[in-house]
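Which chain is which? They are A, B, C and D, in the order written, and residues in each are numbered from 1.
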Amino acid sequence: MEEVKHAPHPNYIAVFIALGVLTGLELFIAFLPWSQMTRVLILIGLAVWKAVMVALYYMHLRFEPQRLRWLAVAPLPLAVILVFIVTREFRW
Amino acid sequence: MAHAGALHDEDVMLPPPGREPGAGVYNEKLGMWVFLGSEIMFFTALIGTYIILRVAHPTAWKAPGEVLAVPITAINTFLLICSSVTMVKAFAAVQDGNLSGLRKWLIATVLIGSTFVGVQVYEYRHLIEKGFVPSEGLYGSTFYTMTGFHGFHVTIGVICLIFVTWRAFQGRYSAKDYRGVEVIGLYWHFVDLVWIILFTIVYLI
Amino acid sequence: MATTIGHVEEVTLGGAEVHADTRSFVRKYIFSTDHKIIGIQFLIMSLIFLLLGGVLAMVIRWQLGFPKQPMPMGGVLPETMAPGGVVLPEFYNSLVTMHGTFMVFFAIMPLLVGVFGNYLIPLKIGAPDMAFPRINMASFWIAVPAGFLMLAGFFVEGGHAAAGWTSYAPLSERADLSGVSMGQILWCISLIVLGLSSILGSFNYITTIINMRAPGMWWFRLPLSIWSLFVTAILVLLAMPILSGAIIMLLFDQTIGTHFFGPAQGGQPLLWQHLFWFFGHPEVYILILPAMGMASDIIANGARKPIFGYTSMVLAILGIGVLGWGVWGHHMFMSGMNPTLGTQFMISTMLIAVPSAIKVFNWLGTMWMGNIRFHVPMLHAMAFVSMFTIGGLSGIFMAATPVDIYIHYTYFIVAHLHYVLFGGSLFAIFAAVTFWYPKMFGRMMSPFWGRVHFFLTFIFYNLVFFPMHNLGLHGHMRRIYDPTQYDFLKPVQPINELISISAFLLFATQLIFAVNFIVSWFKGAKAPENPWEDNGLEWTVPSPPPHGNFVTVPQVYRAPYEYSSPFVTEDFLPQNRELPEAAPSAAPHS
Amino acid sequence: MSWLLPHGASTFVGEIDWLYYLILWITGIAFVLVQVLLVWFMIRYRARPGRKATYYHGNTRFEIIWTTVTAVVVVIIGVLSAGRWNRIKGRDKVPANATPLVVHAKQFEWLVTYPGADGALGSADDFQVRSQLHLVVGQPVSVLLTSEDAIHSFFIPAFRIKQDAVPGMNIRVWFQPTEVGEYELGCAELCGLGHYRMRATVTVHSREDFDRWARDRAARAAN
């Protein structure tokens, strides 16, 4: 067994900087005089982007076996189903 | 955390030896990911409720910054991102066998994480003094429930991190066995990830 | 009994010696991390709750059969529940609520998932224990305080929760509507704690099954009991937190004045129902899937024949596990839900009938051309098939939304759910308990009293629940304290009396089981290693198995249901028995 | 003990009862099929010494057949249900000439608001009656269901109609009685300790009888 048996570390600091910059961008966009819908869509898009970066690099999902990646995202469709269907209860 | 009947010279960072191929990772990591699936559903209940109620009653919410203090929370968000990078640095350090680096980065993570909780408590007190309480309509109900349970998760995370740090000082982790560090790291980053979503949808929308 | 050959014999002989057990009594039997002990602990706890739930049901049946008459032995109840032995309406609502809560959360669910999940998974996949034995122990010792919290509700001011086991808001969140405050809060806290226990248990099961299968135990060689427990654990893992989240919000509504489900400031009563049933429908499958899986094991064993259509059985389990997430709205057809959503939920509900039907036909196919042994577990398993069929078919009436308009909230539903939960799950539990009892306790249960218990249960069970369909068709609402209030229900009151008397007899019959269970523990005949001549890995180790289960990791050579194989003289062929080169070791399974 | 539905008296009876009997036939056949096979196999294939079961793992063609047949049958039931469901509960299906009523559920009674002589709600001649529903035979009614406190469920077994009354929601339900007579309205959803006695009488009148009753009531309300 060798001492270092893992892949070289990804550039964690670069991810950190990207997260910081995106957060700043979000703060900026939130107070722009655009329509509510535009802001909401952009902000959620940015949040998801940040979340995906955390999952891929900090939780190193990118370097895990395919099976584990599937397992990690498996609950997400359920969340979507619940929210999507119940929302239609009140807006239709 | 050795399994009963496990061999002594096994590589603990690999799946249990002599078994059918499973997820391809060791048990504790697989277990944490499965557990995080459960956590996703828990936050789905809370965040989903928020989305559904907000779609049903859009007028019950105030514009960003009107009630909630965005600047202080923005700083807090930045703190949590910092704690994630220190956590991942601790993980990288132990992978490289750099044990003093591990201890240093873990302590940093504990400190930043505790600060996050402290700032949140301060924010709550401030809001309650202003009269924004959990019984303040749908806005207060969803705000306190979501951020409160996130804060609860951060607190649990800090307690676990203190435990891991203590074990790091005992020399329980090495480049050959850093399961505890990796697993608590996964939990910590997940909590960070949830905050990324919460910060956007609670404070900025 | 047929002789066991070489390989098996060696493994079991070594067993007891290698794992000489030096643990203290407390570590061995109380705070044990051994999955087998934890399984037995869950068994005892949930059987006690099953009995308690049964007692509550008897009080309910007394009131329905003989409204407002003093109940025999009712004098022991305090004035706040039943003055002079006459049940009060507020106590009746608590009874209905707690019967449901105890049976669903503290009896059937732990019996299936806690007991057999724990006991069978490591043994059947050839693992020494769970992946996380200490978390497994925590799972049990978190469930115990949850049980005590739930019991405590009976002794607090205002009585126990009385909003139904579904706790529909706003009745459940406002003490001025239900008359209950502390009981309802305890109900919430108890279920949050229990949810944590279930989640800890299930992620342990999932990890164990994924990562710790013995060599050769491919996915498509897993016994169906393990497949169903695997899918069940996934459902628990993902559904339970939804319930916890919803109950936390309900608790906040009750205690700190939030507004999630109360309409006063924009909360949505229907949101509670959506969240509850988004958990609740997977929960329905949590309560039946393990029963199906274990019944499959036992039916193949009883029929001495490979299970018919193993692959389609697995696909049906997976299909239920996936489709089960998209049908929750059928509990809410009358709730004021968007009617278009109602149509969609109706179609998805119809479709989920298909995998269940596949399973019934496959069980019949398994018995076809078999050589059926009528041991007590097999009797219960066949009753399971028969009763589950009725429960499944009566579900179609409710799935058809127009018919549901009439029978929703009536005794037709009560009949349906008891045919699934009692006729389905509980018969399968009786089958499983009698089947694995020798492995758990090292002794056989009395087959004579087992048969007596089975036949009486089968008769009285049907006398209790079958007429409930007819009550429902007459329009009899559920959860009403006194049916004679309604003129249109007066003609069917004799049916209520018949049901009540049968229910008392059904309850009395269960005492036979209880006595058989306890007496056999101490006095039963010593169980051999493999009393039912089964193929599972658990039957290749001594009864009860030693700590650590297997001396050497078993090598699996074939699918789990190779009964009556032409390659051996006996009519069974354990999964880990190595055959000479000439015989094909991997028998086909499709 | 009967598998027939009790006598009904609204236009929904035909639709719902027909579907019920269809499903009763289908499930009845399936029920008999399964139970007979089960008992037959138990007798025919009981264990006998010296005999071995057939080593047989299944048959894909059988699997396909019974999966398809079941799926087709349930989808047909689903399609038959969908049309009826929409005709009964569809929100745009309330007849235009229906008499409007408000039924306000509260623990533990039904408050019925009648439109009075002008046939429109919200006017001065509206009047309220507690726990009595009076209807005209052959005249569709459109009930606006509201609730004061808990969730209640408006259930008239003879009319085959049921609908929850949810606080904070206004839910419309319609039906058309077809026979003069006395019926009962019950609460079908647990709503508190008086749930079991949350009952109202339903009286279906001829047009003349109803008008007489309504005049009488309106006069009493005015005093």
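Remarks
Note that in this section contacts are C-beta pairs under 8 Å (C-beta built on N, C-alpha and C of every residue); 3 or more make two chains touch, one makes a residue touch a chain.
Quick caveat, the model's predicted, so the values are computed rather than measured.
Between the chains C-D lie more C-beta contact pairs than between any other two chains. One simple way to say how far apart two chains are is to compare their mean CA positions; for chain A and chain C this gives 38 Å.
The centroid of the Cα atoms in chain C and the matching centroid in chain D are 31 Å apart. The centroid of the Cα atoms in chain B and the matching centroid in chain C are 34 Å apart. Spacing of chain A relative to chain D, judged by their CA centroids, is 47 angstrom. Residues of chain A in contact with two or more other chains: 75, 78, 82, 86, 89-90.
Multi-chain contact residues, meaning those touching two or more other chains, occur in chain C at positions 238, 242, 267-268, 270-271, 274. Looking at chain D, no residue sits in touch with two or more other chains. Chain contacts in this assembly follow no simple pattern; the graph is neither a line, a ring, a star nor complete.
Residues of chain B touching chain A in their complex: 11, 23-25, 30, 33-34, 36-37, 40-41, 44, 48, 51-52, 55-56, 64-65, 70, 74, 77-78, 81-82, 84-85, 87-89, 92, 95-97, 175-176, 185-186, 189-190, 192-193, 196-197, 199-201, 203-205.
Those residues of chain C whose C-beta lies close enough to touch chain D in the complex are 89-90, 93, 96, 162-164, 168, 170-171, 174, 177-179, 263, 267-270, 303-312, 334-336, 339, 342-343, 346-347, 350-351, 353-354, 357-358, 360-362, 364-365, 367-374, 382, 385-386, 389-390, 393-394, 396-397, 399-403, 405-406, 408-410, 467, 469-470, 473-475, 477-483, 485-488, 495, 563-566, 571, 587-590. Across the interface of their complex, chain C is touched by residues 1, 3-5, 15-16, 18-20, 22-23, 27-28, 30-31, 34-35, 37-39, 41-46, 48-49, 52-53, 56-57, 60, 134-135, 137-138, 140-142, 144-145, 149 of chain B. By the touch criterion given at the top, residues 1-6, 12, 15-16, 19-20, 23-24, 26-27, 30-31, 34-35, 37-38, 41-42, 45-48, 51-60, 62-63, 66-67, 70-71, 74-75, 77-78, 80-82, 84-86, 88-91, 107, 145, 149-151, 153, 155, 157-158, 160-169, 171, 183-184, 186-197, 199 of chain D touch chain C in their complex.
Note for the complex: chain C touches chain A at residues 238, 242, 268, 270-271, 274, 278, 325-326, 329, 337-338, 340-341.
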